[in-house]
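Each of the next two complexes has chain A plus one more chain, namely chain B in the first and chain C in the second.
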Partner chain A sequence: MLRRSFLAFAAGNGLTAQTDGSITNTLIGKAGGYTSPTNNWVGCFTGNFTAAAKSAATAVEWLVANDGAYARQAMGASGAGWTVNAYLSGTGVVWTNTNTITQPAVTLNAQTLGAIGLMDSVGPTGGNANFFIDVASPLSVAVGVNVILSGGGSPGLTFTTY
Partner chain B sequence: MSEVEIVNEPMPAPRASGLRMKGGAHIVLVEEATGKQVSEVYTPDYIYQNERCTRDGRKY
Partner chain C sequence: MANWISNGADTGGSGAYSPGSQSVGYILANYAVANGDTITLPTGTFNWSTGISCSKSITIAGSGYAPNGSVGNVAAGTPSATPGAPSLATVINWINTGAVNAIACTAPTTGNLFRLSGISFTGIAQNSSGPGPGYLGLSGSPTTDRFRVDNCRFDMTSFYGTMVFLSGNQRGLIDHCTFQGGVACEMIHNSANGAGNTAGWQDDIIPGSVQCVYIEDCIGQLWNYTTQTNKGATALIQNYYGARTCVRYTLLNFCHLDVHGTPGSVGGRWFEFYCNQLYLPSGITGNQTIYQLRGGSGIVFNTTVTGPGTSLGDTTSVYLFTDENPPYGSTNPPYGPGAGIFSGGATQGPASSPVYVWGNGTGVNAASTAPIAVNSNYFVSTTQPGSMTISEKASQIPATTYSYSPYTYPHPDTGLSSTPGTGLTAQTDLSITKTLIGVTSGAYSPPGNNWVGLFSTQFSNAAKAGAVEWLSSSDTTYVRQGMGASGAGWTISAYSSGVGVTFKNTNLILFPGVASNAQTLYSLGFLDSGTLGSGNINFFIDMGNNGQLSVSIGVSVWLPALTGAVFTTN
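After this line comes the complex of A and B, so read on.
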């Protein structure tokens, strides 16, 4: 009889490597700590941050030069875009996006979606990716197509801190 | 033909020490002009956290 098990994915999710470092500094009161953002912006990336690198530089964000409509989408200031549940024993703290996030339809050139990154600035370039979700099999996004993360009861983004 | 046993692993309990974060996405691609959905994906940790599907991605 065969037993199917699951191997670790090269794709990753959670905190970026940079945020691992800054959060650690915050916890111990050392310089170089985490800077709480005024908002989170959803960014689209061509490749994976990867489980190993956990890096926005590895993933490469979409560019306005390639998708003329590309813009990071705001989650909602001061955490308003998130529904954060109380800690649950056996699970942790589950938090999801409250509102539907819609990326403007792609223009100019088809894009590849390999990751969603949560940024600390409106961009469309620069700033920091604080946490992310890789798509193990990147999606082809044709011209004229929206990337949509639903909100509410069937959220597009789900995180657990544990 | 061998019989295949599919094992759905249980949700891991929080670690007794440390701080970790995991995240998952449900992404839908929609053609703006027609409203037609052209693609939909659940990443593994979305499935895992929301228990919407078995661990190997099959919806129940």
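After this line comes the complex of A and C, so read on.
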């Protein structure tokens, strides 16, 4: 009688599989729900999380041992750093990074940027990837080059909850 | 906006009131009512002995569903009152038995809509002598303003006649209305261009377009239909003289749809009948057709039949025959069924634009009487043919092929969403976003329990909000059903690659049988409170295809375990 319903993020861009599970628990009030991050840290990943796996383990985060300057970049405590728009009919709630986010210039070895992950800890390893954006065609990041996510009117991170 | 402050003595049109009565007729005659204005009628039952005439595209609206408009929402297009359902609180009892309508409107051309909404009409609409004036008369042309009649009830009880009379091939919409009449009642009479006028056969027809009079989400029923055995000629609508009509998503309680041919005159021109359901009582002995097609052309599909008659093997038919005076094919234009455009004084022949019938359910048969023949005047198939023959435009003479697509549903003039939604409500979209990024103010609050609620309107895919919940004042047994504390009641599957996390109701969810008034089920909401009128709706499911269910007294809504409500987080 009733249809399947989707709590929608586009595949390959949205919640990780882990967050799919925890946020579901939160929605229905079950233990094991999602823990809201105290801050959101932006991490760089070599590969894609992929639409199927939606996993940080699949994507593999950059390592300090390989890029001596690598560090997750904090966006701000308690959701600061995000601009959350009101619900828009037929679109949903769009949320974007407010400010420009700049990674230190790569040192030691050139890197490949396959995805951006939004983490709940400063790292540089560990913690949880809550949501992510895959880069359709992974980018080569040469030594001395910064990964920059612009803010403001052309935000580097745009998500929609719908 | 003109608010009618009733003194309880309104008797209808001009001459039957004093200035102090503030009747509809008085407002029309004495106020500067402009196109686009609304006249709002109060709650009450009024005996009208004289009708009103209107030549402006205005809205005449009743006070909504009882009590005091608190049940249902006319503005939001609450589905119509099924028998015994929440009643409309503004009642016009039409006691005039002469040849005049209670409300008559001649359409101007202003770009506005004439709308009649939320009024219950009772009384003997006319003198039971056949088609003619009744409760409502609408006239215009294909180029004048359109009309919308919604959330009204037209009830002649056991009498027969016409309740709504349409003329001029004016375009319009009748939705979420209930019609009831006696045997042989022509509840809606679409006279189109009038007897003998071939204008309605000479213009172009565009299938699946706004050209038709649309009747959707309505109920047509024969009085005492559950115990009748012969419906005779009882019809929700009869189409004449070049009429073009679409009837869809409508319940026919032992009555049918008719495309007329009238010997010596011209028949109806075009019809689109689909996704309708016929109720058959047990032991029928007479006419059992659902679509009686005796002229014009069109399409018929996805028709189903229900009721106790089906268990006895009773069936219904899409029945095609001709009303032409013999010899067949001698009339200009020919009736068909299956006839195309009449152009330049030339006919394309009685089978130039065949009728297509497909995908009808078990117990719905296609049949015809000679000389009307299958694979000539009409074709029958299980699915829509990939290519169909048509000759309904001058440019299509002698014939061409086309692929049919239905007009937008719901009709755009309803203002309802054409895309039902499911998932998070708009409110939850925002709160869960805050939870995801760690904003504390306004973040999502996990529910202590999940309560399932029933709603009479849809949330819609766009708004994801605004549905109207059932009320205990309307259904005294209605209560939200708790699924269990702390997420109990949900079965959550592990993340599945390419699918996501699926969660579904573990157990049967059973609502009490509806007690006091029949209800309409349009959507389900999952709330964080068990108290009616309180709490937040966290997520929802609209019924698919904009379909709503009528839930009669004594009937329970229930969601089967593991399949009733299935969501996926991905």
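Here is the rule we go by: the second predicted complex is superposed on the first by the 151 of 162 C-alpha atoms of A that agree within 3 Å, B and C clash if a C-alpha of one lies under 4 Å from a C-alpha of the other, contacts with A are read in each partner's own complex, and residues count from 1 in each chain.
Operating definition for what follows: a contact is a pair of C-beta atoms (placed from the backbone, for glycine too) under 8 Å apart; a residue touches a chain by one contact, two chains touch by 3 or more.
Since this is a predicted model, take the numbers as computed values, not measurements.
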item: First, second, both or neither for A:36, with chain B first and chain C second; value: second
item: A:134 touches, of chain B and chain C: first, second, both or neither?; value: first
item: Touching partner for A:52 - first (chain B), second (chain C), both, neither; value: second
item: Touched partner set for A:157, first chain B, second chain C, both or neither; value: first
item: Which of chain B and chain C A:90 touches, first, second, both or neither; value: both
item: Partner chain in contact with A:26 - chain B first, chain C second, else both or neither; value: second
item: First, second, both or neither for A:17, with chain B first and chain C second; value: second
item: Chain A residues contacted in one complex by chain B, in the other by chain C; value: 1-6, 9, 11, 14-15, 23, 27, 89-90, 92, 131, 159, 161-162
item: Footprint of chain C on chain A - complex, ascending; value: 1-9, 11, 14-15, 17-21, 23-31, 33-34, 36-40, 51-54, 77-79, 82, 84, 86-87, 89-90, 92-93, 95, 130-131, 159, 161-162
item: Contacting residues of chain C [partner chain A, same complex]; value: 422-424, 426-430, 432-440, 443-444, 446-450, 461-464, 485-487, 490, 492, 494-495, 497-498, 500-501, 503, 524, 528, 538-539, 541, 543-544, 559-560, 563-570
item: Complex contact set, residues of chain A against chain B; value: 1-6, 9, 11, 13-15, 23, 27, 89-92, 94, 105, 113, 116, 131-137, 139-142, 144-150, 154-162
item: In the complex, chain B residues that touch chain A; value: 2-7, 9, 11, 13-15, 19-33, 38-39, 41, 43-46, 49-50, 55-56
